[in-house]
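Below is a structure I'd like to ask you about.
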Amino acid sequence: MPNNKTLAFYAGSGCGGCSQSLMLSPSLATMLDGADIAFWATRSGDLTEDEISQVDDKGIDVLMFAGPVDGEASVATAKLLRRKAKRVVAYGACAHLGGLCGLTNVIPGAKLRELAEKNGGFIRPLSAVIDVDYVLPGCPPPQGMVERMLKELFLSDDVPDVGTVFASSKGVCGECDRKHLNSPLEEIRRFHAAPPDPDICLLDQGYICLGPVTRGGCGAVCPEANRPCTGCAGPVAGVLDQGGAILQSLASLVPLSGDVSGEKEHRVLDSIQDIVGTAYKYSAASSLLKRRVNDGE
Amino acid sequence: MSDNKSFEPKIIAFLCKWTTYAAADLCGVSRMPYPSNISIIKVNCTGEVTADMILTAFEKGADGILIGGCRPGHCRYEGGNLKGANRVYLLKRALKEFGVNPERIREVGIAGAQGLIFQRAAEKFTADIRALGPSPVMSNA
Amino acid sequence: MSRIGVFVCRCGTNIADTVDTGFVAKTLRGYPGVVHAEDYDYMCSEIGQQKIRDAIKEHNLDGVVVASCTPSMHQETFRNAAEEAGLNRYRLEVANIREQVSWVHDDREVATEKAIRIARAAVEKVRGDDDLEPIAVDHESTCLVVGGGITGIQAAIDVANSGHKVILVEKDPSIGGHMAQLSVTFPTLDCAQCILTPRMVEASRHPNIELLTYSEVVKVAGYTGNYEVTIRKNPTYVDADKCNLCDKCTEVCPVSVKEEFNEGLSERKAIYLPFEQAIPSSYVLDEDACLGVKPIRCGLCEEVCDVGAIDYDMAPEVITKKVGTIIIATGYDLYDPSHLTEYGGGKYPDVVTSLQFERMVHPSGPMKGQLRRPSDGRPVKSVAFVHCAGSRDPGRHNPYCSRICCTYTAKQALLFKKGVPDGVANVFYIDIRTDGKGYEEFAQGIISSRRIRYIRGKVAKVVDEGDHLTVWGADTLSGKRMEIDVDLVVLAMAMVPSEGTAELAKTFHINVDENGFLKEAHPKLRPVETTTAGVFIAGTAQGPKDIPDSVAQGSAAASKAIAILAAEQLSHSPEVATVNEELCSGCGICTSACPYDAIKVERSGVAVVNEILCSGCGICAAACPAGAIEVKNERHEQVEDMIAAALGSAK
Amino acid sequence: MASNLICLLPHLDRVELVNGDELVASVSVPQARDAFSSYMRGRLAEDAPLYVQRIDAHCAVSQHLAAVRALDACYNARPPKGAIAIRRALAYAGVYYHHLEQLFFSRPSGNGGIAGLVRTDDELAAHDVLQALRRARDVVDILGGRGLTPERGIPGGVSVGIADEQLSLARDIASDLLRVALRSEEGFRARGARWVEKQDLSVPAYSLATVNDDGEASLYDGTLRIVDPKGVEVAAGDASEILPMMMKWKEDVPLRVGPLARLNATSGASTQRARELQKHLFDALGASPIHRVAAGNWAMIIELVEAAELLSSALAELAAGDSALNASLDEAGEGVAAIEGARGTLIHRYLLDADGIVQEAQIVSPDSLMEADVNAALSSLITGRGREVTDDTIERIVSLIGSYQPAYLPSAPFSLRIVGRDKDGRVSQEWRRP
């Protein structure tokens, strides 16, 4: 059926992966057939504030917003765009969670932080500055999820419920074919040594995999490629803080040694390196703590 | 650092209903006062306390979090307190990365009969959090 | 929108002195979802309860908060009242504003403000509470007793007498345990066999008791009321029903090994009768000692057996039994004397353990009651008894007191003096602990008779000089060094958990304490219960103790077990973990967190809680990476809202 | 500057056109000093390939492989043949994907890209190209383990081999990709070549590219070679030798990287068809080295054919079920590697601690290598226009920047700002790329 909606794509900043993921969708042509395109900005420079202002308020049926919000100017643009659109999709990990950019919120004492602070902008997920109606997770969003979004938003008579996330509410594990042995976590392993057994659950083998805390819908592509899930689709529906969730689960997998001092368990937990880069790779900016603070440390 | 004299810390205490919660009750029964800064949330076991609970408490304005359960080796649920302690141990490492002083979380193991120990722990923790000053987390929105 | 009623108790002046209860009620009235709030003098009074009942009906309440004393005091009272008014009892929560507010804070303004926050947090909980119903469970009415010593026998008989079936499992070929080895028992000095044997017979003949000797429990599955236990019966190679105890087999058996019952002081054949009063009364072929039953390499016993009781084709038999409760009474072992190198434990033949000494003085023991040195058979004229051998020595051996050694050493010294009136008995002690009924009188009688020399001090060293032993020690009262030559040294060995206790605890999903003894649920209030419902412990498996205490615990455990077995159905708290199938991806992390094996990932790919096994501790919920597991009426959102309310923050 | 990740990479930010009274022109390629290093410090080494490809998704494959190869060097690891074969094929697929996307979807013409394109009645149906792009992405997916952003590269090898059926699927796709590449080249030659011939701006520059043992262009590994504007070799060596030199050069020596440089600094493409197609280019514009700026587009489309050919032969050689895919790793240390990224030579350097945690990280991007070259070109353009700023000047600047296409505009998600300043240095005028 033809799509009579007015739509727009806006990537304020970011790496360009999101616009490619949309462009490559097999349903793209169908979606565009009959649609009005208000604008298609793959970088902020494609579009000025004036140009956006010329669009009627609520004149866009669906606006797809990609890239992080990272300063006063981008907050203002996001708010302006919100006025113009009936429905806003946070498209991709940056808009959804802050994405890899969010790690800059946590880097201590770096030049980056000073620069960001001067600019009045930490990385924020889109939902922190405007109401977001739908979320398309992923870095970049996997094809299956893009397809689902296009179908539900543009090619279906029913409008998805506000709050719909075009991914599974369950974790990646639900889609992973690896054999799960329920092994205790006694040693953290990395790609220093030989790569993991491709048939057995990565956590079972001691590799930190964010599959359990991360929304599925991707088909477990990374574990399929014999690499752990790094969490790009954000936390599953039941938790608020993705990093906290994986950390509590990892700690739970470490068997109690019987020694109440916990020394042996701590040795295992201490061997987890780069906690933030591992547990909050994409979600630091949308974590409950949001960014690094100065607590007299 | 802020003016600590006028600063009244907000402290959430997750207390195991079998032990430290009972110790807090005993403080009451024995009329042993402790700072009113501490608000108690009863839990079945400190092993029930999730990362979301701790981080939510910070996000909602807690300056300190006291986690009180059984003494090590005495958990009713076969080491639930130790499992909880391992989770907090790891979470504290993340807090540190976010610049939050991990001293804002303290774990204690206090038996139900140890009212005095709870009183002292409550006093000490409140004083320590007062010295640390307000948590910067909430103003982070 | 919720319809919640809030009742603020003044508790006379207990709360009202410090908390402005009227203001609390008034403030709560303006809180979202609260449709009724009042304060009253004593909410727990009949009038107070009636107020709750009336308000539930009048305002059609779907939740109630009572801000009063600690929930452990009156939560059940209030819940009963609510239930009478037709409200599900689990929709009532208590806000603790007495013990945790009015009694610990004195500033009225501060306390009132805090009481408001605490009450609001309780409102947040109630807002999320669901109707719950206790879980009813059918159950088995058989009791498994593990261990056939005096404790297990007592427990088995008590349960059997209540009309329930009992399966009594013993790993040795006979029941009786260590008590069967003892000479006489303190403080009455009656013969151990004489009081034990009737109990052994009663247990073996009781119509409700099924005796499984030479057997071990290898697996336990299930939960209270419904356990399935797997038991391995080891082959005795002798048909007990056919064996007529003619003893011909032992005469021809060519293999001799140390006899366990006599603590290695004598020898037995590979085919043997455990002891004269053994039950079941049958010979046993010790497969490890035998020259070979598979293939048969000797066959002499079978040849001489007139009744054809010997059956080399017997094989281990694995059976499963369904039981409702379990009592574990697996007893103790002596600490290995070879750890006491300074005393020559396990090395010098004339340094014996207290149990060996029991056998030596036993009239039907290996020496027929005539004390002789194991090394050269000379009569024993002088003995050094050493207290606390391996006990009360935290650095090197066991930190605890083995409780019975002081008294039995007094008894043993007395037995020695009776048997050898001109003999010299020296007792080295740290201090004398005789805490049982009549024990102090018994021991002091022996000590004050001055026929036995009590020396306060530890033995430093024992040296085997060939024809005698030299005991080096010190008398700490006089400060003198001691060097005594004796014929025999008796070590009052520490009691330790019987071999395999740690594995056994794992099998039964219970804990051991820091010394390896089975751990009770509460050291004072729940001494025979464990943290696993329906599994009880008794006797020296739980810690060192004497016969009367062991028997008392056996009976105590039996009564606990009977309470479950006799119940029509078991009732279980509905506040258990629940899995949101929409969120669970089946990662299985919860399964390793559960202390009770109560959660499993099913074929469907989601975790499933066995509500009957679940204790509602919530440890799985905090392990779950997906937030898919919650404890009923303690859901994540409820707790997060409670936190916000307790902090005075907006949601 | 925002804390957007793109600022971690040196990238084209703006063109300074006027400085007070004096009309000058210069591009600026700023990088927050040590920003990338700060971002990566403390991260797991094996995660580096995952970060970099998401900083720069248009060149995700090149970034991934450059990081992976630099990590090989950090661990002194020599990946086994099987792993190199997979990585090579991935590199070719990445270059193909990039070039196709750049040439058809990210040109600074039309109304911003895709929306206009789909409605274009080009003789090469948009649908076909889009389909080819999707299929190229599928090959990246098969070889890299994830579409757009590969996962397979790890220090010392690859995380896992490729299943049989996947491999044969990739082979089928590859032959189709070659077909589309050849048609594209034909189409370009018919229309685009004339355009290139008209764009007469020519700026002599040094050229940098990677050559194989036969001196031909190599898109995965080999020796870095620099030739002077006359085509005479001035330096050759591996990345660790060339890098310090680059850092000294890039401010003032006009250096060119990318498809045109790969033509100039080598004996030519390593595949037969591409070599034949290169002859057309030489026929039109003279022999190598070619300094006509606009020729970059032409070189790029020939490289599209080359990448397709290389991909086909690499896939043909790939043995499914090869289990020796990982080398043992030495103690972690410092490592530098260069790869011929789609946009030009891309150099990564990492310093790891003994635990394999990143201590220092550096990316030398084609943008930064070419800074001096672009400035020379701009300067030449402005001088030729009598220093008068008209709309036409701006158009020409945009077009010029566009001719550095492989390395410039489309891949930077920032807009190109053209800035005029008054005497006091304040911005008096600002143009944005349309």
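For this structure, a couple of remarks:
When the chains are written out, they are named A, B, C and D in that same order, and each has its own residue count from 1.
One rule holds for everything that comes next: a contact is a pair of C-beta atoms (placed from the backbone, for glycine too) under 8 Å apart; a residue touches a chain by one contact, two chains touch by 3 or more.
On a predicted model such as this, the values are computed, not experimentally measured, just so you know.
Between the chains A-D lie more C-beta contact pairs than between any other two chains.
In terms of their C-alpha centroids, the spacing between chain B and chain C amounts to 33 Å. Remark: chain A and chain C have CA centroids separated by 51 Å (rounded to whole angstrom).
The distance from the centre of chain C to the centre of chain D, each centre being the mean of the chain's C-alpha atoms, comes to 72 Å. Among all residues of chain D, none touch two or more other chains.
Shown for chain C are the residues in touch with two or more other chains, namely 593, 619, 622-623, 627, 636, 640. Looking at chain B, one finds that residues 50, 52, 56, 73, 79, 83, 87 touch two or more other chains.
Contact annotation for chain pairs lists A-B, A-C, A-D, B-C, with touch applied as defined. Residues 1-6, 32-35, 38-39, 41-44, 46-47, 50-51, 54-58, 60, 101, 105, 111-115, 118, 127, 130, 133-134, 137, 144-149, 151-152, 154-155, 157, 159-160, 325-326, 329, 355-357, 411-417, 432-433 of chain D touch chain A in their complex. Residues 70-72, 96, 98-107, 110-111, 114, 117-118, 121, 511, 514, 521, 531, 593, 595, 615-619, 621-623, 627, 631, 634, 636, 639-640, 642-644, 646-649 of chain C are the ones touching chain B in the complex. Residue ranges of chain A in contact with chain D, taken from their complex: 11, 13-17, 19-21, 23-24, 26, 28-29, 32, 37, 39-46, 48, 67-68, 70-71, 74, 99-101, 103-105, 107, 110-113, 115-116, 119, 121-123, 139-140, 142-143, 190-192, 194-195, 198, 221-222, 224-227, 230, 273-274, 277-278, 281.
Taken together, the chain B residues at the contact with chain A in this complex read 1, 50-52, 54-56, 58-59, 72-73, 79, 82-83, 85-87, 89-91, 93-101, 104, 132-133, 135-137, 140-141. Those residues of chain A that touch chain B in the complex are listed here as 106, 108, 239-241, 243-245, 247-248, 250-252, 254, 256, 260-262, 265-266, 269, 272, 275-276, 279-280, 287-297.
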